[in-house]
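Would you mind keeping the following structure in view while I ask a few things?
Labels A, B, C and D are assigned to the chains in the order they are written; within every chain, residues are numbered from 1.
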Amino acid sequence: MRVGVLTGGRDCPGLNAVVRAVVRKGVQHYGDEFVGFVDGWRGPLDGETVPLDIPAVRGTLPRGGTILGTSRTHPLDHPEGVRRIRENLAKHEVEALITIGGRDTLGTAARLADEYGLPIVGVPKTIDNDLSGTDCTIGYDTAVGVATGAIDRLHTTAESHKRVLVVEVMGGDTGWIALRSGLAGGANVILIPEQPFDVEQVCAWVTSRFRASYAPIVVVADGAYPKDGSMRLGPGSGVRLSGVGEWLAREIEHRSGKEARTTVLGHLQRGGSPSPFDRWLATRFGLHAIDAVHEQDFGTMVALRGTDVVRVPIAEATARVKRVDPKLYEEVGVFFG
Amino acid sequence: MRVGVLTGGRDCPGLNAVVRAVVRKGVQHYGDEFVGFVDGWRGPLDGETVPLDIPAVRGTLPRGGTILGTSRTHPLDHPEGVRRIRENLAKHEVEALITIGGRDTLGTAARLADEYGLPIVGVPKTIDNDLSGTDCTIGYDTAVGVATGAIDRLHTTAESHKRVLVVEVMGGDTGWIALRSGLAGGANVILIPEQPFDVEQVCAWVTSRFRASYAPIVVVADGAYPKDGSMRLGPGSGVRLSGVGEWLAREIEHRSGKEARTTVLGHLQRGGSPSPFDRWLATRFGLHAIDAVHEQDFGTMVALRGTDVVRVPIAEATARVKRVDPKLYEEVGVFFG
Amino acid sequence: MRVGVLTGGRDCPGLNAVVRAVVRKGVQHYGDEFVGFVDGWRGPLDGETVPLDIPAVRGTLPRGGTILGTSRTHPLDHPEGVRRIRENLAKHEVEALITIGGRDTLGTAARLADEYGLPIVGVPKTIDNDLSGTDCTIGYDTAVGVATGAIDRLHTTAESHKRVLVVEVMGGDTGWIALRSGLAGGANVILIPEQPFDVEQVCAWVTSRFRASYAPIVVVADGAYPKDGSMRLGPGSGVRLSGVGEWLAREIEHRSGKEARTTVLGHLQRGGSPSPFDRWLATRFGLHAIDAVHEQDFGTMVALRGTDVVRVPIAEATARVKRVDPKLYEEVGVFFG
Amino acid sequence: MRVGVLTGGRDCPGLNAVVRAVVRKGVQHYGDEFVGFVDGWRGPLDGETVPLDIPAVRGTLPRGGTILGTSRTHPLDHPEGVRRIRENLAKHEVEALITIGGRDTLGTAARLADEYGLPIVGVPKTIDNDLSGTDCTIGYDTAVGVATGAIDRLHTTAESHKRVLVVEVMGGDTGWIALRSGLAGGANVILIPEQPFDVEQVCAWVTSRFRASYAPIVVVADGAYPKDGSMRLGPGSGVRLSGVGEWLAREIEHRSGKEARTTVLGHLQRGGSPSPFDRWLATRFGLHAIDAVHEQDFGTMVALRGTDVVRVPIAEATARVKRVDPKLYEEVGVFFG
């Protein structure tokens, strides 16, 4: 078979490991040939490809990023998008398309498969871990590792200076990175978008921590926000702060009288070598994705359930955001303050 | 309530994280008091304890090892073992005993709970990941991380010298560490106890790797062995080799004419700071274990199922070794050679 | 002898390692007793101390931060500062004061020793590496390690998205962290305060890198600035950017038409476990500092010269900032673009 | 100019970083062309080469090992060795040969330059750090980092089990790796070849450590040995132990009655990505080596002196082994026991 592969959306660790596993099993086990579409959906839209064979994927398992490139192009925004993709798949004699992406990229994949009948198999990746239908996504474990390592480092500075350190981590609409890295890093407060916070409560936790003669670490997801709508960010606001982390540090200083500093981890969370867990998961996802292709099981996405890799409809996985359950958030609340 | 805690068997990363979570939730949420029994089953056997409260667990989340100490004492081997444990629990007014251990320690726990009615809740830990009833055990992810990091390092030496590098990892009767670290590290051969190997086949893989102008890494679990019974180790044998890793390197040199070297990772795999995943898992296990105590759900063990923490009978979890499924081993075989 | 110890200025990795070495050798070899002054110069100013003996320093070698606390208090700004320090030293019967600090803290130490005759021995620490008289300072190697690790991570994101990534590192008035981490991380442009930059030249390097089909990493010291005075930061400016990193990314986007993103490493560079090199250097500095105390060699600072630890006048070491030599900057320029 | 490059002896981290710096500056600054000789001295001996230009070195800065391959071939053992090297240099029109190696490889280089007039510039690499004339060699800092990381991990196991852990590190005839990693890792005993040890003294330190309620870590260089000649290793001995680490653990168990375990780090110390310090040093060495070539300063080796890169005669650097000074060993002795 001739199989196309693309990686879409923001880059994350483990993409190359998926591509390598797909190609290794496809070539060696099934005798497939591959076409690498570049820069996410831009590749099949513009018909731009790179050679994709065993030499091309050698040595890529531990490498972050994606050798195929990525972009946030939305082919369904193009009036001719579907037609052009169809033509380019035909031109390259591609019989199936493995699409590695997050909510956006796979949301498009679901429509292309279900509404337009394109032969697509999906693989879920995103450091945010916000895709339904799978226990976790590729990249999440690595991102948590980076964030936890950062929190570990910041503890000593907080203690030495008796300061509040606010760490802003990624997560989009969800608090998965904040929750796990905050717990693993021994944070004293963890704030997530699923649970708008009360600044007074945050200050109470901070103060109680200082009373115990320790300095607090506050982990805040970049999508978290206060209950009372008091936060104003960006050009429209008076204060012009770049994110919730800085806003919160300023509020804490103001209300508690304690010095507070912010660290924004940003892109560090999505770069670099994937963790062993992500390499394992990405490889297994790749092996199962090429199997799904050969079983013509299109419109499905590979997913982790317990220790098994299963398949779920892409549409189902992308229909709703997987959010942090209030019960789980409450469970970790015992460590606050 | 007054609750005892012990850690038994070989040490592994994440033990302190369990103890900390148990104590934090017990004290803050339930108003419990704790008794730390030292050195595994030796503690309740000899009535030896250490104070266990919130100050005692502070700062222990990222620390490997166990602040309670551990040992491989078997109380059921003592004629008076059960009586002495009962007396010591009574003497310290302990109403429940949280037992953190692997197959051995929890096997004893199951009998003490089921046959003798002791109020025990179990928590599964072992770098070997060989306990049934849970998707994984505490310590496994960290051990895989150490092994994968080592394999990453050894690739460059293999390449530079055109040598075979054999890496012997832990695992006891099972190949879980070998399988995941070998896959994550991009090993060219992975050998596990569940699947006795054929030395000629190993040499064929090694040779094929060299033909592709690359140098091979062979990951072998310390419990793996050749099909044909040709391996002789230790004092009784003529060759006096310390383990399968060295034996295999010698065989490969002999049969393939290629230079081979062995690295035995040993204790490195069980020491040091737990990975973020293990800190998370250990913490959740601890929080659920103290809940089980308060629900008087004795004879059970906390376990991971997908993303949930559930409870299973300890006896069930320890009744049989969780081995690597032949299908899973076959799945990764596409990367051999 | 009774010896006081303080750590001043911003925290950095390796402070505890110095204190531990001082105390271990002092107690075991010389039979000394120690007084720990808390929070830098605030300790001797206010007479606030903590017990400092072998149990107090146990296990602190690999720990970042400082068990003594630190602050940026300037005792010479207090009209009664010198008198109060003298009184508090006398009150605690302290015969010598080991002062671990950077330019500020040691600058004060130099004046207290030279002008007021206080019995002080200095130990140079600062991640910025800007103290004269020593090949390097404690904390610098660790900070470079954190920054290099971050740059390593960011390469894959830059490649995958064909973006410019600007990394802002610390360094104060000097470019030592930028220079070494930029070189070690394979940055394509390195900008330092010693050499005001030309934005057009930076854009030319960026563009040339893209022409070679790679994405550029720009490392910029937080004290770097453009030649032409065009940079405006902070409240007074129209643009309200928080630092040179963000300003530069915006300029690059504007002028080159390429997407650019900024990562500000901030406090990550000063926290966490010291590198092996810093633990070694800190330990040797500590051992030599207590020797200097016993030789009554006051007013001196321990320093690294090649592989030897020597002593230099504190005044000399703090008289002028150690800057990056233009020749050294030119040497690494071959990698730009 | 046409310049040859080879890497000889055992592989170590930083070799690629040297080669990359040589090629980048050679091509961009001097307009040179390069010839890569493969597998150490075997390359010029057999006339085997690989293309070496800017694309060949791209991305190699953080990669361990050597893209040129290495071997321990001794050309002076071949009767026709010198003639063949001369012919092959002539055949490839090579006007200078940059030789990156340790004592062996550079010892040969010194003779070829001084006795036979070959146009050679040397670069010192070895994890053992045993070359004279330079403050340190490439690879040493990385090896110390690996060993220190391992010691950090083993502390928790030692504590949890109340065991002695013996860590055998590399170093050949010298104790540089043992000394620095032992100090940085907080070892309780450090044994080096320069100072034959007294087993009774080692047991006394071990016992004293247990009395303080802590478990000891003993770091032993693979070349260390007991004073009294009691150690027998290998085939000829009765005990058939593989190294000093295992021998010592057995002796400690025997004499002190304490459980002891050995970890042999082996090849882990020479593989993997170079530390930031080694990348910096290797790069600077490479830049200076190509300068030396263009100044026709043959027979010299680049060397670190303080913060400067200087040149010394290769013959001088290889004439005698750089050993650990007894004074330095005594200095760290304060931490033993």
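Operating definition for what follows: a contact is a pair of C-beta atoms (placed from the backbone, for glycine too) under 8 Å apart; a residue touches a chain by one contact, two chains touch by 3 or more.
In this text the structure is predicted, and so the values were computed from the model without any measurement.
The set of chains in contact with subunit B as well as subunit D is empty. Relative to the C-alpha centre of subunit D, the farthest chain centre belongs to A. Put simply, the C-alpha centre of subunit A and that of subunit B have 30 angstrom between them.
One simple way to say how far apart two chains are is to compare their mean CA positions; for subunit A and subunit C this gives 34 Å. Between the CA-based centres of subunit A and subunit D the separation comes to 41 Å, rounded to the whole angstrom. Among all residues of subunit C, those that touch two or more other chains are 152. Of all possible chain pairs, the ones that touch are A-B, A-C, B-D, C-D.
Residues 24-25, 28-29, 58, 61-62, 135-136, 141, 144-145, 148, 152, 180-181, 183-186, 214, 275-277, 279-280, 283-284, 287, 305-307, 331-332, 334-335 of subunit A are the ones that touch subunit B when the two sit in their complex.
Note for the complex: subunit B touches subunit D at residues 10-11, 13, 15, 63-66, 69-71, 146, 150, 152-157, 159-162, 165, 240, 242, 261-264, 266-268, 270-272.
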